[in-house]
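For clarity, chains are labelled A, B, C and D in written order, and residue numbers in each chain start from 1.
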Amino acid sequence: MEDVLIRITEQVKLQDPVLIEGLPGVGNVGKLAIDYLKEKLNATSFGWIHSKFFPPQVYVSEEGLIRLVSNDLSYVRAAGPAQRDLILLGGDYQGITPEGQYELTDRVLALASQMGVREVYTLAGFAQGHLVEGPRVLGAATSEARVEAMKKFGVVFSRTDPGGGLIGASGLFLGLGRVYGMEGVCLMGETSGYFVDPRSAEAVLRVLSKVLNLTIDFTELEHKAKEIDRIAQKFREAETPTRGAETPAQAREDLGYIG
Amino acid sequence: MEDVLIRITEQVKLQDPVLIEGLPGVGNVGKLAIDYLKEKLNATSFGWIHSKFFPPQVYVSEEGLIRLVSNDLSYVRAAGPAQRDLILLGGDYQGITPEGQYELTDRVLALASQMGVREVYTLAGFAQGHLVEGPRVLGAATSEARVEAMKKFGVVFSRTDPGGGLIGASGLFLGLGRVYGMEGVCLMGETSGYFVDPRSAEAVLRVLSKVLNLTIDFTELEHKAKEIDRIAQKFREAETPTRGAETPAQAREDLGYIG
Amino acid sequence: MEDVLIRITEQVKLQDPVLIEGLPGVGNVGKLAIDYLKEKLNATSFGWIHSKFFPPQVYVSEEGLIRLVSNDLSYVRAAGPAQRDLILLGGDYQGITPEGQYELTDRVLALASQMGVREVYTLAGFAQGHLVEGPRVLGAATSEARVEAMKKFGVVFSRTDPGGGLIGASGLFLGLGRVYGMEGVCLMGETSGYFVDPRSAEAVLRVLSKVLNLTIDFTELEHKAKEIDRIAQKFREAETPTRGAETPAQAREDLGYIG
Amino acid sequence: MEDVLIRITEQVKLQDPVLIEGLPGVGNVGKLAIDYLKEKLNATSFGWIHSKFFPPQVYVSEEGLIRLVSNDLSYVRAAGPAQRDLILLGGDYQGITPEGQYELTDRVLALASQMGVREVYTLAGFAQGHLVEGPRVLGAATSEARVEAMKKFGVVFSRTDPGGGLIGASGLFLGLGRVYGMEGVCLMGETSGYFVDPRSAEAVLRVLSKVLNLTIDFTELEHKAKEIDRIAQKFREAETPTRGAETPAQAREDLGYIG
């Protein structure tokens, strides 16, 4: 089989589209964000990706139906002149080897390039190693002009973060994107790194929606974030001498189910 | 050499055949089941598979004869109108890397597709982490119709099991099978996961024989299951304060020899 | 670069040649044997093999000269009608991944097949896990006729050894050799598995020389074996309460230098 | 994408150029040396290399700009008849797998060969496992003539170092270089192996500058070396009972920032 099998289910013509990537990673921020975006913007699926660079795994739904792990491609047409056409890349996994990361990213960029993409936004979490109240959105970009433009939307460009660079799809889509002549920005929501973080995803999406003039209803994501807050609170209490009604193990398990 | 080397030793024409996969895995349930099926249905070998995705290993028989590790293909013709032609896939190993899993599965599916296969059954064990009396057969399928059909044969579709999905050939044959337009079912016999489990294999085969109208004599498999029961019993006794005549190490060794 | 780069430095025509493989492995028995054979039979080099399946390593001689790790091919013409032409495969490493093992073996077999090889002998050590006095030579073969033939030369075919089969080049050359229509025998000298073992290599070569009517002077190999015996003796003494003049560390270091 | 993507940004014709390799490794000696050489000789970039054998990583500058990890190619034209044209290979990483090491080295050598390279110098560190005062430069070469030539420049060819050979790019460029008919020398600066070592890089460059008649101002490198000396001194003091003003953790952190 092909290393990366892209199946296009709908041939779609888009006007100067923007590619937005959000795959699983730190705090699952990128995936939470792209999934929320797909739902709220009623994105239309136009293709999926299977690959030997994903685990040899199927998911089984509660009804007993199997689904092979994949990445998926969907699009959203601009609702007006102030907006842009969007291509959204989401899915279950990033490539599980360095070679897989490069190959998957390159294949999607080649397709995006054919579809006219010249601009990429990647969504990710940035692990701070401690609980974060009011997460900032850190940025990295392909040009000074973009750095300046992003600062106006409140994106923070820090001298020290991310110190060692970015590893994985969110960095690679920008780095390899340049080989395709694309410009781009990585938006990283601060997060503890200990559990899935819808509040960080919300922070990232609030910036993105301003940049791309998107109207997004954040009610559900805020609800999810509060649920996590509640559980994280239990978690903290559980670590203090006076324990709450639920055990820490219970709280940790709850955190595991969210996402 | 080719990554996957399939050698067809007999060109065989089959009527709308069903592919049945049973490779080593949890409790060796899939392999035990397919080997028993091959023997009891007098399956005819028509090909074998060598691959660099298997270990670089040969087995040596008691007579000193070597045999390169492989997967093997055999067929069984329908004994009457109520039955179907069968293609059986068994062997020594699953692919030992994710890439190998995908590549091996894809190559067998491509061959099966050429031979007219539109339906796949995969046989596996499901590890419960504790000893299981009267193992249930859990299921996962490619369509709701198949889920409903399987329920009538006693297959259990659980909301929680398997929670994280299936990893390995039994899931992948269904997941990639869909790319080839095939429908299918995975039958998973509950097992402890601690040793080879002929009782679980028997449970799986009893369901399969009902689904496919096969007549199978289970005497030998039951005998093997009782042997394991006997050893497992020793194992349990050995873990209690009053030890039996044999040591736990001895019992464990016995378990290792079964299969 | 090619995965396996075979450079033939002399085009040589041989009469029904036998391929003999001896690569590093348990007790370095195979490599010791083939190196001794090359020297004593004045084998002529006709090619070498570089590969990305070897480590990215060069050796540096005492004079400061570098040499890229490799496998090497040499030949010996029959000295009379009772002998056969020989092709010898030796070198620094076996392939360091399963894929590499298969690919390297296959490429050498393809070349050997072109050169008329229909018979393969592989030389190896068999680790017993304890010191072995008077090592036996265990065998594994591709046919019953060969098993019987080898027994006459004192080769031992044991019901239990090697129980789990053979992993690595010595097994693979026989297993894949069958795909090329070759027959063959693996000769395994018993060894402790703890250090390089010229005595085991000698045992293997004594059998091989009888099988192939080779006249080999074993003086040097016996000398080397006695040197190891002497060091191993120190090693044993060092492990007893009354220690010898040299420390165990010293003895162990000496063992490391032999080979 | 190609496994190794070489992008040539300037087509340059050079006169019998010498290839000099310096990639990250022990003590970062090779990278420190090549980076210093590029700066002091005003080398002109003429290409870069991306590869799936590098980590899937981008660096982010203090200004927030991303850069995909790469190797880079630059050249220096001879300043007079006593000098040679130079091609310099530097970068962020060596290949992260054995296969990647071979493939990257081979691709650069193929390019270098096309550009007329017949001679290679590789720069590296040699880990001694203890602090080294006044590091020697050890050598390994492709011919006796070169060994003798290098001895005149003070390069040490030791019978015992490097005992096990060289692993990585610096050895491989010489070993595979021979397949391309190139001759070469590896210059290894002694270093502790515990931290980046500009003093060792300086020792290597002092030899290289004599060999190739280069005029290099070592002021900055000496400054960097003294900075490391100062920190290493603190480190040593910190390990003695009477501790200095800074803690060992502080000193270690300082060491980590140098480079």
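The rule is short, and it goes like this: contacts are C-beta pairs under 8 Å (C-beta built on N, C-alpha and C of every residue); 3 or more make two chains touch, one makes a residue touch a chain.
These numbers come from a predicted model, not from an experiment.
Asks: Counting only C-alpha atoms to place each centre, which chain is farthest from chain A?
Replies: When every chain centre is compared against chain A, the largest gap points to C.
Asks: What rotation angle superposes the Cα atoms of chain B onto chain C, in degrees to the nearest 5?
Replies: 90
Asks: Between copies chain A and chain B, are the contact residues mostly the same numbers or mostly different, with half as the line?
Replies: different
Asks: Based only on mean CA positions, could you tell me how far chain A sits from chain B in angstrom?
Replies: 38
Asks: Cα centroid separation between chain A and chain C, in whole Å?
Replies: Taking the mean C-alpha position of each chain, the two centres sit 54 Å apart.
Asks: Could you list the positions in chain D whose residues touch two or more of the other chains?
Replies: Chain D, residues with two or more chain partners: not present.
Asks: I'd like to see which chains touch which, written out pair by pair.
Replies: Once each pair is checked, the touching ones are A-B, A-D, B-C, C-D.
Asks: In the complex of these two chains, what residues of chain C are touching chain D?
Replies: 1, 5, 7, 50-60, 62-69, 96
Asks: Can you check the complex and tell me which residues of chain B touch chain A?
Replies: 95, 98-99, 101-103, 105-107, 139-144, 147, 157, 159, 162, 165-169, 171-172, 174-176, 178-179, 186
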